[in-house]
Amino acid sequence: MSETWMIFGGWVAAGLTLFLFSFLYKDNPFFKATEHLYLGAGMGWVFQTVLYQTWIPKVWEPLRAGDFYVLIPTVLGLSLVTQFFPRISWVSRYGFTFIMGYGSGLVIPLTLSTDFLKQIGGTISPFLVSEVSRATFWPLLNGAIVAAGFVCVLVYFFFSVEHKGAIKKASTVGIYFLMLYFGAAFGNTVMGRFSLLYGRFDDLYKYSGAKYFYATHVILAALVLYFVISHFTSRKKEAEEEAA
Amino acid sequence: MLKTRLNLSFFTVLFAASAVSAAVPASTKNIPTAPDLSGFAAADMPYDKGEAVLVSWPAGPADVPGAVYQVYASSGAAWLKAEEFPAEKKFAADFELPFWAWSHDKAKHAVQLELPQLFSDFKTGMEYSFKVKYVNGKVTAESAPVKAAPKADLFNLARLNNLVLLLVIIVVFFWTVSHAKRKGLFIRRIAGLDAIDEAIGRATEMGRPIFYSTGIGAMSSVPTIASTSILAEVAKKVAQYDTQLKVPHFDPIVMTVCKEVVKQAYMEMERLDSYRDDINFFVSQDQFSYAASVDGMIHREKPAACFFIGHFMAESLLLAEVGATTGAIQIAGTEQESQLPFFFTSCDYTLIGEELYAAGAYLSKEPMLQSTLKVQDFGKAFVMVSVITGSALVMLATWLKWPLVLKVISHIFKAY
Amino acid sequence: MTFIKKHIPLALCFIFGVLTLGSYYVPNKASENYLEVMNKWENIVAGFAFLLGLFSLFFSHYNKIRRKVDGWGYSLFVFVGFLIMVIPAITSKGIQMDGATLTGLGWNYRFLFNALSGTMFSVLAFYIVSTAYRAFRIKSPQAGVLFAAAFILIVGKVPLGQIMWEKTLGWTHVGISQIVQWLMEVPVVAGRRGIMMGLAIGGIVTGLKIIFGIERQYMGKD
Amino acid sequence: MKTYIEKLLKIDRRLIFLALTLLLVFPIIRPLGLPNVNLGTEVISLYNKIESLPPRTFILISLDYDPATRPELHPQAVAILRHAMRKDLRVGMLTLNAGATGLIEELGERIPRDIAPGKVYGKDYVILPYQPNPVAVLTQLGMDLHQMYDKDRNGAPIKDMEVFKGIKSVRDMGLGICITGTALLDYWIAYTGDKFKFPMAGGVTAVSQAGYGPYLQTGQLKGLVGGMKGAADYETLIGVKEKGTSGIDALSLAHLMVVTLIVLANLMMLWLKYL
């Protein structure tokens, strides 16, 4: 790809990014068009990936080489599509039952070992110390906090008994542990979202350089111009609505 | 069967070893001695698909630093070196297998040999020969060759704990399903449901509408199902107090179901005259457009109460924020952990994860929802009991030095 | 007809489910071969499963265009986007890099897909800030605890926050990153593990319901 | 005063958006250059794990992220790859996320250019094609990976590649790392890690980082790199500062803005309520 294409690419990327950001000011045709473009392009990307990395090497090539066993999963896979034709939609059940049966059979024992047995074991394991000393005191205490908090959270989510007395107290402790978890998750989420925004701004900054003929600046100015004009041409009520 | 055989061979070996060590005079401590390898044994590796062989021999005083063991295997022709390791390593006790399937012996060397890695023409069931060689400087010793054939096993005994737990869960599951269908199961009232009454009461006083969003989930997802049950409850109260209800929708199928649900609720309250078909209306099947439109409506109409109950993703932020700035009472509920913090900080009451399901099951009395909840409760009870008694026993066993109890507990709660 | 339409699929689900479930406990070569064949098949079936998403997207937007509903023009962009991706893919045979230069497909990924997919979620950062200001209310002790944990994380993870903590609370000799570490290793583990348990058993129950044919939502209506 | 505060609390959110934009753009144009200290222990444990692997050990890196989470996860992948190559490990890269292929291509382009110029494709590292259905792939990796992957992403057969010498399944590999913005790491832990006793580590977004505490505590995860902070920590550990480090620097201001806004708004609420 030539240099011209790279510069053009910069304009496309900067333009699409700014169109999507324009939603922050208010819903507008540029945003809507770009959003729909995203839906289509995302699907197109998956389509070409599956076409060139699954269908051709896993179905077409074995078939040409005479391996007809791949027809069985192919038919099962294609049967899924009959869902869109009400009269024969029952055919899709064959594909679905295969996926669901296999998936459920695989997941049940693994969930039992990974999320169930091992987590109980992990909660108990900090208590496996040969003696209580200065060195083992803190891990032991932390282990006890995890175990107590864990049980209290489970009490909070226990629906078979009324929450009264000691159970009520335990469930109150449980909710505070949940809040600490949610708080930590919130803090992390803030960081994660900012990182993504930083990434976009970083790209926009790159495209604002002279090498790309100031793509970001030009497109941004054009968008602002559009909003100013549309503000004066359309009725005032609309603008108030969007200010929510 | 196999285990007993192993045990038996191990005991004979042990006796032989003790006899040998007794025979060696104590003064020869510093002079390297060759170990007695007459206890060398080879057998099929248990609980595998039939590609490995287990060789074992007793540990002894000859296992000093600097000494190595070499294990050889042969399919009939030349001997191939399969393994070489320091003499004070690799014991039967090192195997990560549970106590019910393996005897963890510290006085026995044990090595698992993966035969396909050694023989390109490997076949399960074929007999192979094995021997072990001890090398410590100039001192060497070699065992007599022993034959063994790997065979495929039918059950992985190590995973017994997993299987037992699964069977128990299946039994409990069917028990709850049959009970739920026959006479229903007890589920406690969820505190969040009282908050719903309060919110509707306030909306009636203020004469402003109520917004109820079922989220962006499809009708097949559990949170959406739970949400429609709660919507039915809300609609009943609304019909009773003659308040205005608005339910903007993301999914047309969910909308069709909700129309039925709301109509049914008005009918039960005998207020069908005030039911309107436009209580439920379609907005957009596009995440952000949906959020933006609902935001606009909330901003314009300033509802007294907003409900956001169901499956929510990023739009939770946009929705809850606008509701909070217009001063509405907000009640939220979702199973999405990542959205819960936002709901929790900007809403007055939030149903967290399973609470939402429980509220749905409590209100709908649907046997399937109830039974799932009951099995989950059973699982939680099992976990609570395991953690409390397990931790207590572990601590007690540590104080009183009961290694057996420690071993049993740590082996049960492990995956193999 | 219900036999073919309903009973056989349910029986298949049960058989595949139980066999796959059993393969976890049976180490035999036969069980491994079974699982290998299933893995290969499943891989191919899943390669077609995305057609469901593709078709439903196309149908809904095609219908919008056909009925000329409000804003149908935007629906055209869905098809435009799809073709923009697929046509260069076919001309460059699904290869993104030809030696050291980008193909049409590679260009599409780098400038189009990257920008579109990357921006959609970064928009949320803005809403987080405005929610923080306009809706984050510490109304209860619980919300207070939530805020305290969030505060420590938000401040403790960035250099500027760490420096400010050192300046103001350095005399306590407790570093904020130590608190962050403790928070993540102790209370967060307890809270998360509690939620995880419910999810795990819920998942197992749903799996059992599917195998035993009690849960049939995914099969659609009769 | 009260009406003034009430108005201030209901300020048009677009003004807040503008403030955030300015605050984030500023450090991009003019970096603050703050030092990244206080490295996360779970990042260090992944670093140590890779340090401890003998040369020529095969490690598997599953790059399951798309451009939506690129700013957080791509720097992690680059840093880990750089470290693995420096330690002379054999690296296999694969993906279970269709949107990731272009990003992997970018890595493939960068390895000979600046990550590890001396390394040879097919001998030291390999890039495998995308596969749908993670569950099937993960189960198969534990038994015989050649049944699932017979060619690399450009269609060349992999069976005789030097990089795969002696590698049949994950049992022959030293470590698996899944870098993802989805729940795929959970799948890796259950379907491959626990089932086949394969040591796993992960790289995840900050959003999901808190959820992996239980797996770290039990040792089901040998290490975890979380978000841009994790990437910056890893870059500090290997001594090559890149996008992660420059990003974490820029985030400082935005983070302080959030905290300040929350505190300010709540103080104003209290004022309205009690004064």
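Order as written gives the chain letters A, B, C and D; numbering starts at 1 within each chain.
Here, a contact is a pair of C-beta atoms (placed from the backbone, for glycine too) under 8 Å apart; a residue touches a chain by one contact, two chains touch by 3 or more.
Bear in mind that the values here come from a model prediction, so they are computed numbers and not experimental data.
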- Message: If you apply the touch rule, which chains end up adjacent to both subunit B and subunit D?
- Response: A, C
- Name, by label, each chain that touches both members of the pair subunit A and subunit C. B, D
- Note on the structure: Chain centres computed over CA atoms; the one at greatest distance from subunit A is chain B
- Query: Pick the pair with more C-beta contacts: B-C or C-D?
  - Reply: C-D
- Would you kindly tell me how far, in whole Å, the mean C-alpha position of subunit B lies from that of subunit A? 22
- Geometric centre distance via CA averages, subunit D-subunit A, whole Å: 14
- Note on the structure: Note: subunit D residues in touch with at least two other chains are 9-10, 13, 17, 68-71, 99, 101, 131-132, 135, 139, 194-195, 207, 209-211, 214, 217, 229, 251, 254-255, 258
- Within subunit B, the set of residues that touch 2 or more other chains is 159, 162-163, 321, 325, 337-338, 341-342, 344-345, 353-354, 379-380, 383, 415
- Note on the structure: Flagged in subunit A as touching 2+ other chains are 23-24, 32, 35, 42, 45-46, 49-50, 53-54, 103, 106-116, 118-119, 121, 123, 125, 146-147, 150, 154, 157, 178-179, 181-186, 188-191, 193-194, 196-197, 199-200, 243
- Classify the inter-chain contact topology: is it line, ring, star, complete, or other? complete
- subunit B to subunit C touching residues, read off their complex: 47-50, 124, 152-156, 159, 162-163, 169-170, 173, 177, 220, 285, 314, 317-318, 320-321, 324-325, 337, 341-342, 344-346, 348, 353-354, 357, 368, 372, 375-376, 378-380, 383
- Over in the complex, which subunit D residues touch subunit C? Could you list them? 9-11, 13, 16-17, 20, 32, 34-38, 40-41, 66-71, 99, 101-102, 105-106, 108-109, 131-133, 135-137, 139-140, 143-144, 147-148, 154, 195, 209-211, 213-214, 216-217, 229, 248-249, 251-259, 261-262, 264-266, 269
- Using the touch definition up top, name the residues of subunit D that touch subunit B in the complex. 9-10, 13, 194, 197, 207-208, 211
- Touch list for subunit D against partner subunit A, complex: 12, 14, 17, 21, 24-25, 28-29, 68-72, 98-99, 101, 129-132, 135, 139, 151, 153, 155, 189-191, 194-195, 205-207, 209-211, 214, 217-220, 226-229, 243, 247, 250-251, 254-255, 258
- Query: Which residues, counting only subunit A, touch subunit B once they are in their complex?
  - Reply: 23, 27, 32, 35, 108-109, 112-114, 116-118, 120-121, 123-125, 127-131, 144, 147, 150-151, 154-155, 157-163, 178-179, 182-183, 185-186, 189, 241-244
